[in-house]
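Take a look at the following structure, please.
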Amino acid sequence: MRVRTLAAVLLTGALALTACGKEGSPTDQGAPAGLFEVAKDVKVDGSPTFEKAKARGNLVIGVKEDQPGLGYKDPTTNKYSGFDIDIARLVSAKLGFDPEKIQFKTIQSAAREQALINGDVDYYVGTYTINAGRKEKVGFAGPYFVAGQDLLVKKDNTDITGPETLKGKKVCSVTGSTPIKQIREKGYTEPENILEFQGYSQCVTKLLNGEADAVTTDDAILKGYAAAEEGKLKVVGKTFSKEPYGIGLPKEDKALRDKVNDILQGALDDGTWQKIYDGTLGKSGSKAQKPTIDRY
Amino acid sequence: MSVLTNHLDLFLYTFGQTLQLFAISAVLSLVLGTILAALRVSPVPVFRGIGATYVTVLRNTPLTLVFVFFVFAYPLLEIVKIEPYTAAVVSLSLYTAAFVCEVVRSGINTVPVGQAEASRALGLTFTQMLGNVVLPQALRSVVPPMTSTMIALLKNTTVASGFAVVQAGSIRDSLSEAGENVLFGLLWVAIGFVILVMPLTYVQQVFEKRWSVAR
Amino acid sequence: MSMVLFDVPGPKARVRHKIMAVVGIAVALAAVVYVVMRFIATDQFSARRLDWINYKQIQLSLVEAIGNTLSAFALGAVLALVFGAIFAAARLSDHGWVRAPAAVIVEIFRAIPLVIMMFFFYYGLPVAGVKLSAFTAVVISLMLYNGSVLAEIFRAGINALPRGQSEAAYALGMRKTQVMMLVLLPQALRAMLPTIISQLVVLLKDTALGFLITYEELLRWGTRIGNDAVNFGRPMIPVMIVVALIYIGLCLLLTWLANYLEKRNRRNKKVIHTDDDAAAQVQLGAASTAVGGGLTV
């Protein structure tokens, strides 16, 4: 008897909870739907990935969800937004998929190669740096953006002006990421001053309450956070590496890689790329450098 | 094997850190846990209430949540800045103290009431009663579960892996950064823990067997 | 409560206790007030930091996160119980070649930290070409670890049953398997129910370790919303309070279930009561196993 009462109370509680609730986001920043014209009758000869997606009827795109301005999932609407997301939408539109036929899937950095190899996602757009090691496992179209490693510090910080000034400072980044490896290998700061967490947002928390002096990773990511924190943080602006972002694809699928490269080249030429940049990362105030597509 | 031999320094250092984290947290949790147990058996109801609340809250909260609280939420209160290492020690100690408290308390409770009454009737002072009669008997039933609690604490230090504290659990990060075989690396970490834990389990079982017949 | 240490208080002691009570309340209150003051001073409960509760999508994702926690718990618990029963039976086998490996396996899985197991299944195995989802990695680890602890609990329970039970069963012509499955295990299960359920509470808490291998459970949901600077200005404190309350609520519900079952059990005439000494022995042994194994989060 008591169990039944309890169940009833719980159920009513759950109903009450779901019955009321605001919709929409307090800070609307999603790109307007139908931004890109959907191409008709697209064919990509000899691309197994494309054939599979066509048969399935939708595209599964791997993205990030915790990087404001690049790949960010708004928890209030579950909608994705940002530069990477718009690039992903552009490519899918040019491949002939309706916006509602796209399924975004959040994939953590460490699991990217595996997701592509397993075919969990059709392609991946999420601050994915092209390098030789990764090219052995997956294919890359692009780059669609060239970022560089930079430092995020508090607005009033004047002693950190570049990587050489990091000695004795606490530097934070994501566990196992390339940027933190760089800091460690080049000895920019002492090993005991390196902080590693699972996500950049956790590092930003540490930076804000003074337990870290700088957060390091690609400037594109840092700019997103600087914009989100409304004038409390700044990006130093002296990049010390080149991080060409590519669209990750299954390694063998050269046909799809060439097609995506064509799409990106087209967007760079007709101003769509610029429009996407202005609507997302451009809001941080910095100018964009157009990348050069690297075909292989 | 090459994973272990190539990175012997790393393994030794991180396991050393694990043991250090364990030792500090063990001492702190034993002290705090005993104080809590004293609160829980005290004749003052308010003290018992405070002890009981602490134990209920901490025992029903995942340790990972305690870590998240001290690493990410606590700093927002701007009280005293703490390093991730300190945060790990605080989390492990506070969490384990709740279990230590229960072990000590149930140990005291296993001593029959007649024992204390008899010692009072004999005119022993409170300290004498506690030191000569109650605690020696309580100790027998406390040591085996306390060893288990400490074994658990030793294993729990690995939870610090997600919170910027270097210990045996973070070997994986270093190995994957170095492009080493993570699979074998983790196997060695597991073996390391088996080596650390097995003797403790053995000691516990010996105590349990020997002392369980005593009463 | 325990009245081992103290005599029944006299008039003087009662006054002393009252004074101590007042001091105790004052200290506890002061601590709570200080924390609340810090909450207010740093504006943790501002309208913006509490706004997340109002959004439908967030409520839905919360329900989903709780669902993920519970489904890992449910599957993990069932598998752990099965694993535990099999290995308990194996450890009690008459054949040395069954007993020995079972003992080794149980001891080893009890000695390896759960975190390392999860890392092994989630980060280690893909090296060998076996890719498991975070959910699978969490469930398998929970099964191996808690199953090993449960095996010890079952074994203690079976050992504590009066020998007459198995002797009578054999006298009736039952085979070894039948004796174990039909006579011993069901009774041991009943006798050890409270201990088993408290181990399940541990299992429920252990699902939070999935946080470390990016399993989308309740705690991970909490850090995601709590770190949201864009919409809510990092509501980590209120979110974590809610998450903690949910965990505590779920665990207490399970504990309540354990107490309820124990009470019902006591009334049940079908339960074979072990003689006092053996029962105390089991309680002790179980307590140490449960606490020991139990502590892993």
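Read from first to last, the chains carry the letters A, B and C; within each, the first residue is number 1.
Following the convention adopted for this analysis, a residue touches a chain if its C-beta (ideal position, glycine included) is under 8 Å from a C-beta of that chain, and two chains touch if they have at least 3 such contacts.
Just so you know, these numbers come straight off a predicted model, no measurement behind them.
K.L.:
Mind having a look at which chain is the central one, using mean CA positions?
P.N.:
C
K.L.:
Could you work out which chain's C-alpha centre is the most distant one from the centre of chain A?
P.N.:
Here the answer is chain B, farthest from chain A.
K.L.:
I need the chain pair with the most C-beta contacts, please.
P.N.:
Going pair by pair, the biggest contact count turns up for B-C.
K.L.:
Could you give the separation in Å between the centres of chain B and chain C, each centre being the mean of its C-alpha atoms?
P.N.:
Inter-chain centre distance comes to 16 Å.
K.L.:
I'd like the Å distance between the centres of chain A and chain B, where a centre is the mean of that chain's Cα atoms.
P.N.:
Centres of chain A and chain B (C-alpha means) sit 40 Å apart.
K.L.:
With chain centres taken as the means of their Cα atoms, state the distance from chain A to chain C in Å.
P.N.:
37
K.L.:
Among the residues of chain C, pick out those that touch two or more other chains and give their numbers.
P.N.:
Counting only residues that touch two or more other chains, chain C contributes 123, 223, 227, 234, 236.
K.L.:
What positions in chain A touch 2 or more of the other chains?
P.N.:
Residue numbers touching two or more other chains: 110, 198, 202, 205.
K.L.:
At which residue positions does chain B touch at least two other chains?
P.N.:
Expected reply: 72, 76, 78, 162, 176.
K.L.:
Quick one: in the complex, what on chain A touches chain C?
P.N.:
14, 17-18, 21-23, 25-27, 29, 66, 68, 72, 74-78, 108, 110-111, 114, 118, 198-199, 201-202, 204-205, 225, 228-229
K.L.:
Over in the complex, which chain C residues touch chain B? Could you list them?
P.N.:
Where chain C meets chain B, its residues are 1-7, 9, 13, 17, 20-21, 24-25, 28, 35, 38-39, 41-42, 44, 107-108, 110-117, 119-120, 123-125, 127-128, 201, 205-209, 211-212, 219, 222-223, 226-227, 234, 236-237, 240, 243-244, 247-248, 251-252, 255, 281, 284-285, 287-289, 291-297.
K.L.:
Chain C touches which residues of chain B in the complex?
P.N.:
Listed in rising order, the residues of chain B that touch chain C are 41, 43-48, 50, 56-57, 59-65, 68-69, 72-73, 76-79, 96, 99, 102-103, 105-106, 108-109, 111-113, 115-116, 120, 126, 129-130, 134, 141, 144-145, 147-149, 151-153, 155-159, 161-162, 168-169, 172, 176, 181-183, 185-187, 189-190, 193-194, 197-198, 201, 204, 208, 212.
K.L.:
With touch defined as at the start, can you tell me which chain C residues reach chain A in the complex?
P.N.:
Touching chain A from chain C are residues 51-52, 54-61, 63, 123, 126, 131, 214, 223-225, 227-232, 234, 236.
K.L.:
Where on chain B does chain A make contact in their complex?
P.N.:
Against chain A, the touching part of chain B is residues 72, 75-76, 78, 81, 83-84, 162-164, 173, 176-177.
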